[in-house]
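Both of the next two complexes hold subunit A, though its partner changes from subunit B to subunit C.
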Partner chain A sequence: MWRLSTLGSNLVQTVQISNVFKLSLDPQTVKQWKRFRSIKRGYYSAVILVSLLLLSCFAELLVNSRAIIVSYEGKWYFPTYAWFISGDTFGLDYDWETNYRELRQHFKEQKEGNWVLMPLVPYNPFETEGTTVGATPPSWETKHFLGTDGVGRDILARLVYGFRIAMGFSLVLLVFSYVAGIAIGCAMGYWGGAFDLVFQRLIEIWNTIPFLYVIMIVASIVETNFWILVFVMVLFGWTAMTWNMRTSTYKEKAREYVNAARALGSGNARVIGVHILPNTISVIVTFIPFSIAGGITALTALDYLGFGLRPPTPSWGAQLREGTQSFDHPWIVWSVATAIILILLMVTFIGEAIREAFDPKKFTYYE
Partner chain B sequence: MTTYFIRRFLLIVPTFLGVTLLVFLLTRVVPGGPLERLLLEASMAGAEGSASQTTDFGSHGRGPLSEEQIQEYSEYFGFDKNPFHAYVLWLGKLLVFDLGISTKYDEPVWKEIRSRLPVSIFYGVATLILTYGVCIPLGIVKAIKHKTVFDNVSSILVFTGYAIPSYVVAIALLTTFAAGLDWFPLRGFVSSHFHTLSFFGKVLDIFHHAVLPLIAYVAGSFAFMTMLMKNSLMDNLAADYVRTAVAKGLHFRSAVFNHALRNSLIPIATSFGNNLSLIIAGSFLIEFIFNINGFGLLGFNSLVNRDYPVVMGIVVISSLLFMIGNILSDICVAIVDPRVKFGADGSNQ
Partner chain C sequence: MKRVNLLIKIYCVFFLVWSLAAQDEANTEVEAEAADDTWYEIAPEDLLPDELPEDLYWETNNEDPEYASPDAVQGGTFHMWMRSFPDTLRPVGPNSNGSFASVLRPLQMGPVALHANTRQPIPMIATHWALGDDGRSFYFRIHPDARWSDGERVTADDFVFTLRFMRSKKILDPWYNNYYTERVTDVKKYDELTYGVRAADAKPYIEMLNATSIRPYPEHFHELSDDWVREFSWKAEPTTGAYHVSVVEKGKYVELARTENWWANELQYLRNRFNPEKIRITVLGDMNTAWLHFLAGELDSFGLTIPEFWHDKTDDEAFKKGYIAKYWYYHRLPVPAAGLSINTAMPLLDDKNIRYGLAHSMNIQWVIDTELRGDYERLPTFQLGFGAYDNTSIKPRQFDHKKAKEYFEKAGFVDRDRYGIRVKKNKRGRVVARLSFSITYGRQVDTDQLVLLKEEAKKAGVELKLDLMDWTASFAKMQEKKHQIAWLTWNSSGLSPRYWEFFHSVNANKTDNNNVTNTSIPEMDPLIMKFRASTNLEERINLAHTLEQMVHDHGAIIPTYQVPYTRQAMWRWIELPDRLGTETSGSLANPFASSQGYSSGGLFWINEDKKKEILAMKAKGEAMEPLTIIDRTYRIEPDESKDVQEGQ
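Moving on to the complex of A and B:
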């Protein structure tokens, strides 16, 4: 598994360090990484996507109705991650949560040296604006850069938080379904026999079930939340990875080095963990981007149909739905559709680049 | 080989039992099962009144239920009985092709499903023709013109189609061309004044409604097919037998079309049987977006309305189609590629 971590962005440094410390970094991995970097489309997509993901971890500092810094009478306040700062703290006449956009205006008019630093997009994804009725088109003046939806929520804010939820969902889903898939698949390929047969039948049943449909059945019966949705998706989505791992374990097991390891007295755990798994890592890594794309697609589809996360959770699917319910506000659909298309394109570019890096098929083209 | 396929057909039975049992139990044993929930919602909806109108449309039709409906549900699913007993009863009815009565439409489930089939089959067949008609020629041209401007430009298109799920394509098309530019009708299979049109007008009307959904359907499978065709043809172009054929003086063009192409169609055949599912079951997302009253939309509406007899009927038909389609694919492969021997070494399960 340590090879996975070396696929991080600072691998080149790691390689140099490893030369110094004589760490044995697999030359194969270095070659694959170099090949990946040479595929520009995939590499830059990876850089952009990882940056977006990191930025979205701190979305509260970029897209939020709370100020980043408030300087009031010489004292600095950082409301972003604070629990609650009431209005009278800043000399306003109310004791509920401060409205920082108004506070900023207020301080500007006062000209007493107090100031407020607001995030780039000064709205959070939940606040409905009382003053505007209905959806408003994009506007720089109100800082609704992509407009608002039917109840006055900022679309960009909901897009950003929706992205974080969708990516988080796909990553969590990926981890759980891969852990299950790798464990079961390895066991099936390694031990074979009755265990293999039973799970083969089970997987066949599982694959025959109309996947999205059954999730919708479950979602229509129980109240869904993030973790229930993850659980259900893992429950019905573990088979793909299992099948791949079964095949590749099966192949690896038949090779000489496994026999050699056995002859040297390695136990099952060691043969699987130290010998077989590292050799199947390319299968796993190659599938990651496509699983992420699949996770985003499935979650968005479920949200679109109304069987996903419950409102008012910011979600791309719910936004798509709102945009298609009435077509008077095309900016809603366009913002979300563009976001989905861009993100999925980048994920697919990364996937193709990884696939090519791990399995360079050089076509000997005949003319 | 025949025994292999007979065995495959027999294996449909246990898989089918597994699938239906699983879905059947799902609709019953999940905590807060449908009946309890219906009763609860019925009482809540009475208290809330019209306040529930504003909730998301996923909860449509969850309104109060009449005593009769509750009675129907309990009778149909045998809620008073143990779930396995109820399942066996349901299965017994299925054996005489009785899918039960839809609780929503009050019609036999099979009649409901059959009435939706023409629409779904129209879209399925049209998609099939378009997909193969576009992908195979495009794949061939891309393979022959590998790394040229044409190949690179069409690759961008293919890639975009591959990355974006077809329902996003559908929504984007709908917003732009139907709502924004008003070139195509927004929803439905035919216009409301369909019956007043002449024959030619009817055909035109159907196709006018079909353009956008068909593009969305084709976008889904287009990329995969094209790349499959291209890659397999390129593999074959690089193979020794094509080299030999050209070395012996055969024209390159006839080497491609008479030798390489036939072998490259084998991978295409491996997924041919799955079109059976596509033709009939289609995509409920696209049917939902364009409000096409086909098989998929019926499935969606039955879920929303908690019409479990229809839900089970849909599961029965789509899982059977899927399994038969898989076997059909294998038969296709065996037909086009005489080297394939299924079941000979036991590796093909």
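Moving on to the complex of A and C:
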């Protein structure tokens, strides 16, 4: 009975999902989704991580030295995404970017009805505070909730923006290396023969090039930036996906439905794109979370070694290095270590859940 | 079968070619051996006369005050540390230029040295010296008692051998090969204890003497075989100085012992110096480990120049209870020329207004006050610390956004863009240039300081992009003149500032030289050449003042900071003379004879009774009055009286 009822409620949910998103989902996908949801650890990790990612897209509104709203002499200003506003606009005596924290204090003292709405964390990840010498411990009073680093920058701000960059980096990396890896892997599996053989050998040779040395050399010759790093990482990262895609394509190619499609006159592109690829999607999807974790770790490691993004880009790796160089300021290393562990743990939980959800053994029975 | 045949044929051909090539190599080796003393050619006018010139005016110096303490007591072992074990004990050849060279080199004395306070020449191995009438040779008379640490006499033959040795290809040291043919052209023996040295160019007296005062190499010790580099790698050379290498425990420590009945024990400027009986230098991986050993009393002194060490790490029982004293001692050695070098060949940076504006946008004082805890000092000029050569009337351009604005507006940068960076617009209001420059640098540790500069520069409307590269790659970029602004420190040494290599136009816009600012000022060139050629001290000093002012007016270098002092922690059983050190003491606990040509080391001594006493107190936990000494005697106070107009 109990079994039946859960099944029933799940069915209702499925309908709801389909209604809300106006999607006609394939029953297999619905089953996988349900299975994924039932693995609580993975599901909640996904919810948290996706919300963090969405929030970080609007980090400028939450963690920023620019005010969200300034009301000055009856006029409203929204500096967050706008052109820089110099101090003299608000009656201050300088022509560079307004210090909104000071402005807020100033308005409060003036009591002329002007006000400033600051973000939750009123610091940006680059600014160094003139009054402090070295790192300061976490404090609610100064709103440095996780303290400051060696040059007086807010650690929370650097963590948030560092997270956005690390996630962005691994997503971009993922897309590029998967496109290349899947295309070549599919082609190898589909055509097989000499093409497969040659590419296999080429990839084997390519894989023996020590990737870290290449990064070190590149970093020492050119000014590395986000896109150069992505390029180098894709250059050496696409091969991982080819092996799996090759195997699954081989497997799918031998199935009757492919033969049937061919018999009906479908071309290579159609057979691969419409018939084979959708059937290998479970392989791809299960790898995604681990690739994301890999991307974050790679960037952090490179930054830690000093071959990653240029300073002063907010970076977890650079902060980890600063923190481990001297343990006199434990909050620097604690905060970033906790952040890395949490994020990687969540990604791994999601990966686990996806793998479980897509496991074909749950739904097929071989006799 | 065919294939196998082919393979065998290919193999045969290869073998033949290889063996021929190998033979060729062997032949060239034989030739090289024969050519060991004929590979160079010295023009006849660069050689010394065959007979000792008769009209020489022999000089010596025994009028200057001694600076060692008569209270010094000999004995004890002085403990020091090093990061890694040396690769070799050879003074020259492969791997000989590592950090251990700073221990080995001062074990040897030259014929003369410079007095640590008066900076006048004082006798060492030589008793007398005389300048030749060509202005570029010096003649020396060796002290009749001078002995190597193994008891052999020091004679003119050792100096002649030095030239042969340094020119030999067998030492595998092209730098010395070159120096002793290009810069030192001849050494000649006139009798057992008299010899002469000739250098390539004439210089002022003191610098000439310094250049010709080359140390001797023991002829009886070195055998210049083909295998010299390997054979002599771990053989400790006999020395003429107070210490010689006595024990080498590979990977662990090197011990130096004071030579018994050292020949110079009673020499005027050397008595009461080099007091410890032994010096042990132990390998301790890194600074933090070494610090713990120091606190445990296993090292006698420790450098505290780094602000973190002086301020934070000394917050320890051993300091509070007074067992260890802290010294902050100002000296007057040349300070490293640290600064931002602006490449004047780059667009925008060729405009003097922009360079001045940049100088006023750099909040260097703030970096000093925060990151460096206010311990370092603003460097007013590019080159400093050369005594009378210093132009003390120049004041550095301070961080001042009003002045920066003025200069930038003069250059046409009136507006700011959406990020607050100044831009230049054409008549139609379109942005044609933006004040954004990258700073090339090569050391990760400097990032924090540059981050502070970057944030402050934004206020003046300047964007600085940090271009951190691997050290070698960053220097290569600067040498290729591809940088915009270089964060660079030149080590200073020698007795006078150098201008030709940094500012002469022959080096501008060409790769691989030190003119990284691409400075090319027609009025400056003749003055630089005059400065180089002049042997008149007063004229040189005046020229140096003018040149330094021109460098300042050109604005291609923004000098940053200097550390005109040494800071040290020493256990209280280390005793110092009343004056602590000398004008040229780069360290108070330097047990060796000289640094930077000045005979300033070896003034302290170990008080063994006090050591027992302090260790007993430490065991019982008793305290005494803590001791911190800040000595500003030789501090160069900024000249407040003259207010020179900045800029124009």
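Note that the second predicted complex is superposed on the first by the 334 of 367 C-alpha atoms of A that agree within 3 Å, B and C clash if a C-alpha of one lies under 4 Å from a C-alpha of the other, contacts with A are read in each partner's own complex, and residues count from 1 in each chain.
One rule holds in what follows: contacts are C-beta pairs under 8 Å (C-beta built on N, C-alpha and C of every residue); 3 or more make two chains touch, one makes a residue touch a chain.
None of the values given here were measured: they were computed from a predicted structure.
Of the two partner chains placed around the shared chain by superposition, subunit C is the only one that A:Phe84 touches, whereas subunit B remains out of contact.
Once chain A of one complex is fitted onto chain A of the other, the partner contacts of A:Ala260 are absent, as it touches neither subunit B nor subunit C. In the superposition on chain A, A:Val347 makes contact with subunit B only, not with subunit C.
Of the two partner chains placed by the overlay, only subunit C lies in contact with A:Asp95; subunit B stays clear of it. Residue contacts after overlaying the shared chain place A:Thr297 against subunit B, while subunit C stays out of touching range. One of subunit B and subunit C touches more residues of subunit A, and that partner is B. Of the two partner chains placed by superposition, subunit B and subunit C are both touched by A:Ser220.
Judged by the touch definition given at the top, the superposed model places A:Ile205 against subunit B, while subunit C stays out of reach. Legend: residue contacts after superposition of the two complexes on their common chain; A:Gly306 is shown touching both subunit B and subunit C.
In the superposition on chain A, A:Gly150 makes contact with subunit C only, while subunit B stays out of contact range.
Shared interface residues of subunit A (contacting subunit B in one complex, subunit C in the other): 216, 220-221, 306, 311. Those residues of subunit B that touch subunit A in the shared complex are 11, 14-16, 18-19, 22-23, 26-27, 30-34, 37, 56-59, 146-147, 159-160, 162-165, 167-168, 171-172, 174-175, 179-180, 186, 234-235, 237-238, 242-243, 246, 252, 281, 284-285, 288-289, 299-300, 303-304, 306, 311, 314-315, 318-319, 322-323, 349. By the touch rule above, subunit A contacts subunit C in their complex via residues 82-84, 86, 94-97, 126-128, 130, 132-134, 150-153, 216, 219-221, 223, 306, 310-312, 326, 328. Against subunit A, in their complex, subunit C makes its touches with residues 308, 312, 366, 369-371, 373, 401, 405, 416-420, 438, 444, 447-448, 450-452, 454-455, 458-461, 465-470, 472-473. Across the complex, subunit A meets subunit B through its residues 200-202, 204-205, 208-210, 213-214, 216-218, 220-222, 293, 297, 300-301, 304-307, 311, 318, 320-321, 323-324, 327, 330, 333-334, 337, 340-341, 344-345, 347-349, 352, 363-367.
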